[in-house]
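The structure that follows is given in the form of structure tokens.
Labels run A, B, C and D following the written order; every chain starts at residue 1.
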Amino acid sequence: MDITLLATSTAFLAATIRMATPIALAGLGETISEKSGVINIGVEAIMLSGAFFSFLGMFSTGSVLLGLLFGMLGGVGASMLHAFLSIRCKANQTIAGLALNFLLLGLTSFLFLMKFGQTTTLPSITVIPTVKIPLLSRLPLLGESLFNQDPFVYLLLFLVLAIGILFYKTEWGVILHAVGENPRAADTAGISVNKVRYLACFANGILGGLGGTYLSMVKLGFFMENLTAGKGYIALVTVILGRRNPLGVIGAALVIGSAEALQIRLQTMGTSIPSQAFSMLPYVVTVIVLLFSIGRNQDPTALGIPYERDKR
Amino acid sequence: MALLSMRDIDKSFFGKMANEHVNLEVGYNEIHALLGENGAGKTTLMNILYGIYTRDSGTIEMEGKPITFSSPKDAIKSHIGMVHQHFTLVPTLTVSENITLGLKSPGHPFPNRKVLDEQIASLSCRYGLDVDPKAIVGQLSVGEQQRVEIIKLLYRDAKLLILDEPTAVLTPQETESFFTVLRRLREDGHSVIIITHHIPEVLSITDSITVLQNGRNAGTVQTKETNAEELSRLMIGRKLQGSKREMISKQNRGNGLVLSGVFLSKAKLGPLSLQVPPGSILGIAGVDGNGQKELAEIIVGIRMHQGGTVSLCGECLDHLSVEQRKRKGIGYISDDRHKDGLILDMDLQDNMLLKLFGEEGIVTHGFVNRLLLRKRTEQAVAEHAIKTSSLECPLRYLSGGNQQKLILAREMAGNPSLVVACQPTRGLDIGSSETVHNMLLRLRKEGCSILLVSSDLDEIVLLSDEIAVMHGGKIMDCLPNDRIDLTKIGLLMAGKGMDA
Amino acid sequence: GGSTEKKDENSALKVALLLSGPANDQGWNAVAFAGLKAAEEAYKIETAYSENVGIADGEAAFTDYASQGYDLVIGHGFQFGDPAVRVSANFPKTKFMAIESNVFSDNAASYVMACEQAGYLMGMLSASMSKTGIIGMVGGFEQPSIVKVVEAYKLGAKAVNPSVKVLEVYISSFTDVSLGKEAALSMADQGADVLSHIANQAGTGVIKAAEERGLLATGDSYDQNSIAPNTVMASTIYSVPALVLSAVEKVSTKTYVGGVFNLGMKDGVVDISGYNSFESKIPATTKQLISDTRLRILDGSFSVPLIETRTK
Amino acid sequence: MKGKTKTFVSYLVIITIVLVVSALLILSVGSSVQKSLHSFLKGIAGSAYGLSEVLVRATPLILAGLGVGIAFRTGFINIGAEGQLYMGAIAVTALGMFAPNLPAYLMIPLALLLGFLAGALWSFVPGLLKAKFGISEVINTIMFNYIAINLVGILVRTVLKDASYPYPMSPVLPKATVLAQLFPPNRVHAGFLIALAFAVLLYILLFKTWMGFSMRAVGLNGRACRCAGISVFKNVALSSLLSGGLAGIAGVCEVSGLHHRLIEGISPSYGYLAIIVALLGQNHPLWIVVSALGISALQVGSMSMQRSAGVPTSIASIIMGLVVVLILARKQLFATAREA
């Protein structure tokens, strides 16, 4: 099969977008958080929490909206715990994030077991269906893959636009930037640094929670232990690859998503190379793409550093 | 009724009183100076006023009304503005974004930059504070950044401006025009609290003066009724000795430091040539950011130059690393002691080790001889009267003056043949400055070549045998100290022609 | 070392089970767990189990159960072979069992299930029901217990339709559900209309993909029709209770010996499920063909080739 | 002393909170708290075997934790111990398979050396990219984890596969590679002594030598080091080498001391746990030993709890997360409690 043909096929693009959506959602959330100076490597935990609680919400109430709400709240809960540790307790943010991962991996499995017991009948919900956008979906090439998708994909497109405007066109974007870059300057200009950071973490929780919700409510329709399987770490990668620019983040998510989609398709072509060689592909691609970011380190200056007003 | 009155302010850090029953009164249309040694508690008092620190006890009244600020936001609302000792600007944002940061302008949250820029331009025009609203702050000179800070306050409608050591980084000309701005502000109905260590400045610009010593009031005087002697007595409780540059007979002790045709086009530096013979001080005058720092870093080896040669005592340094140069006896005092000079979270001994590692016996077979290091540190502490609670105290908790003394003690260790000193007394009080000056002069006497970079002309004139003026990465002129003309140097610093 | 606890000869037999993943993984571990519980009811034995026992902990788990006086400790997976044999030397009175392994000692045995027999039948069913002549198979890890089923599946499919095209992917995960789903979707995109899996938890994603696209699927390990009633035609069944029974019987009659034992359809350990709602949708000829082959396997007149390394 | 009592009390409170939460969790799955606690403690200290298991788990945690600790000291945020551990495991396996006839006195040192180098290589690449080009090591080291794990998968199916056996694992390695058990039949092996030795060595390196001083200095203020003539690049590179190398040795010990062959999944997230170990041990080599023993005991105890009292292992994960969260929050929580 011709690889180039494959790579441009509608199905491939659609698969890429499906792979990229949850990562991009969580990546956008983390971008906001990191812009404000809080680095949370517990994105995995936020997503897992979102996935579990959205499933729980929809399973128990049968309402899509409540499912979404639960998912976002789940993400927010995880993210705010990290925020509390990082902002209030001035703890090491990396370790707080790691602890969050352990905590929520255990907690979601535990609660799942509590609620549904050891069972071989899979508790499931109906997934949110795709919505075809009448005219746009008939555009050549991109139309079918971009505009015959589930509502989350449209939400993602909207969010990229909205966050782009937020970052680059509003005073709030300037504030966010200032808080991450020089919190003392922001403080003396009358901005409450910690409030901004809590808000950013809140946004991270919402978006990361939605990323997890996408997995359970759109993609799969059920929950399982460790459902996210490392996607949170990939989301972190998109933040760096995308240089904390919403378009960049989504671009990075698409690159990694396409590497995922490609590796599966390459495998189905049939070779005797061990499958791990293909599974490795997205990670290798990531490292290679990172190489292109040489010399353009743009970490916010105060990233990972708690703000203490009366520290000299 | 006074505009501001602070009464019985107490503030302690870790059990140590930084402010003890401090009183301060500032009237309307007044420029008020706050004087005191390093660590006297000036910044602490102002931070309390501005809502950055919370006071332990005491009262603050603005226009007769008691106020309590829990954050700078409250202070801004009460029309108080503060420019900090270390600027609080976001270097990656534009001037305009910095000035309007956090404000709700019409159309919020979508600011109309065009309108805002016009407002800023008119404000800067009114007070003669010349800046480009679209410029990125990180690319501005310190002087310009300071103007941005002041516009930032004015834009926020501050009636009372607190300026913490605003002139420390300015050239004489800049200082002069800065004072013009202050006078214009006073005429316009503003009051100003200014912290500075320069007594002549205090006498020329202020209306009244409050002096702090060791966290307590040492006196409040009207500027018209006082003089320099009284002020320094109030501040440090003794008279200044003054530093004196003795004449040293020119023995021929080799070439010392010689630069010929050194240039670095990336930093728009050079080509420049200069010479610092042993036992002499070459003062480099100039506005910050005209290549002095790059020059210093090239000599020390932190930066590589593209062409020309640097040699010390006839030995070419061009391809030597910083470490090798240190071992050849080069000492470096950077203008940014927190970033370049010290590791604030390490103690005195470890910070001494940063230079002493090159000395015999300190590092043997890869192991650090802690006993010897301790002894050497004790010596330095005793010899230069460095005030510290212990040798294990992290440098972060030493006062600025003592931090700087430690750097000097360290870089002076082991009879260096060259010391490059950048802004060695920036931010230091008159007492500490005097100590530093004496230390440099002692080095000179011992036959060391000293390259002194300073934007403080008085300091240059006081210490240097020869004075070079740098502008735009080039040396405009180089004169022996006895043939200088201050106005001419001022013009050269501003880049005005050699023939002026 | 050694078993120190004295045991009342009349008391119930104690059996412990080690699982490599969660007990509700919708596959391999879930059937083992269900089997253990079923055996407990049926044979009045005392049971215990441990989930998520990694390679590093196998030995400790065997040792712990042995020293607690368990009579039979079962490790459910090939990776438990080595630890079982090693620990067995210290506890000569305790019996050890590793499933799908090939090492043994005096009191440790390996029991291998002939899962390929069921896989072969699934291949026949899938190829018969495919309209496009393309079917897909998603494997978890590339390891003999999986590969042998995938290979048998391919052979079964070819036996029905020599020109059938079997797409295969090993996703290197038993847990990444969304990857399983994506792999299945990519096969669907390439025209596959029957999707099968041997990937536990991740395989659930395969079934969901088939359901979403309106395709057919086969299940694995137990009757998975309940996951997607209108999609899953039939499933392979690995009957762990039968396995446990045969071991328990040997232990209680003191005939349990070390060795490698192969158990298949005729031992009641491997089988395929009924067709549930597909009873009427599958052509009679196909059903006939499959039941004939099943009988031939049972009576030994046909043996499904055992291929443990991947062929192209 | 007032400060000390306060610290003591605060830890007491943390222990109480953890115990109460654990009890609630255990009750909610319907197990007996008393039985669980009993089996938790018994699993750790009830037998020589239990004690030995604590040391067995602590071995890789100490080694990888030391590695992470020294990296953090130098400002190199190494999240990649997991992958580096696997690289060490690959190295010893390759050595055992391709030079099976080496005598033990050569084999073991060579294995440690190769394991060190393999792990070092795996963190040197991200280290180099960070030191030279400022590329985020956090992301790179995480990516390298995934790559290393997949690499193990490829190798045990190809060049390192046991030809006589269809399963994806290496053959059993020759006797000469085996690290002796210290108290057979208990599993604790000479690797534990190696780990202790490295802890002491690293302590000396960090706090007694010039090299260690420069590494710490670089971690605290790179710019000042540059001005003082201490090479940031050299020290970050060096610490990344040491860091990965130690994790690599952890991998060697797991293969040589426990499994005697390479197989997928030999590390139950030791590399990630090592980060917690290092940070709880405040990146101090000797405290790292203590915190590794603590984390190891927690895990051994909870597994025993699962086996004897039927408590799901997810509780161990919850408790570990909770312990770390509480320790992170400790200072702040207790400071405000007193002021209020």
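Definition applied: a contact is a pair of C-beta atoms (placed from the backbone, for glycine too) under 8 Å apart; a residue touches a chain by one contact, two chains touch by 3 or more.
Not measured: the values here are computed from a predicted model.
J.: Go ahead and name the chain pair joined by the largest number of contacting C-beta pairs.
T.: A-D
J.: With centres defined as the mean C-alpha position, give me the subunit B-subunit D separation in Å.
T.: Taking the mean C-alpha position of each chain, the two centres sit 47 Å apart.
J.: Subunit C to subunit D: how many Å between their CA centres?
T.: Each chain reduced to its C-alpha mean, subunit C and subunit D end up 34 Å apart.
J.: Round to the nearest whole Å and give the separation of the Cα centres of subunit A and subunit D.
T.: 28
J.: Which integer distance in Å separates the CA centroid of subunit B from that of subunit C?
T.: Chain centres of subunit B and subunit C, defined by C-alpha means, are spaced 75 Å apart.
J.: At least two partner chains per residue is the criterion; list those residues in subunit B.
T.: None at all.
J.: Tell me, which residues of subunit C touch at least two other chains?
T.: Within subunit C, the residues that touch at least two other chains are 142, 172.
J.: Among the residues of subunit D, which are close enough to touch at least two other chains?
T.: 150, 153, 157, 312
J.: What chain-chain pairs meet the touch criterion?
T.: Contact pairs between chains: A-B, A-C, A-D, B-D, C-D.
J.: Could you pull out which subunit B residues touch subunit D in their complex?
T.: Per the touch definition, subunit B meets subunit D at residues 300-302, 321-326, 332, 334, 339-346, 350, 353-355, 357-358, 363, 366-368, 370.
J.: Which residues of subunit B touch subunit A in their complex?
T.: Those in contact with subunit A are residues 47, 50, 52-53, 71-73, 76-77, 82, 84, 87-93, 97-98, 100-105, 108-111, 152, 156, 396.
J.: For the complex, which residues does subunit D have touching subunit A?
T.: Touch residues, subunit D against subunit A: 25, 28-29, 77, 79, 129, 133-136, 138-140, 142-144, 146-147, 150-151, 153-154, 157-158, 272, 275-276, 279, 312, 314-322, 324-325, 328-329, 331-333.
J.: Flag every residue of subunit A that touches subunit D in the complex, lowest number first.
T.: 41, 81, 84-85, 88-92, 94-96, 98-107, 109-110, 113-114, 225, 230, 233, 236-237, 240, 274-277, 279-280, 283-284, 286-287, 290-291, 293-295, 297, 299
J.: Show me the residue ranges of subunit A that touch subunit C in the complex, using the header's touch definition.
T.: 9, 11-12, 15, 18-19, 22, 109, 113, 116, 118-122, 124, 127, 215, 219-222, 224-227, 229-231, 260-261, 264-265, 267-268, 270-272, 274-276, 279
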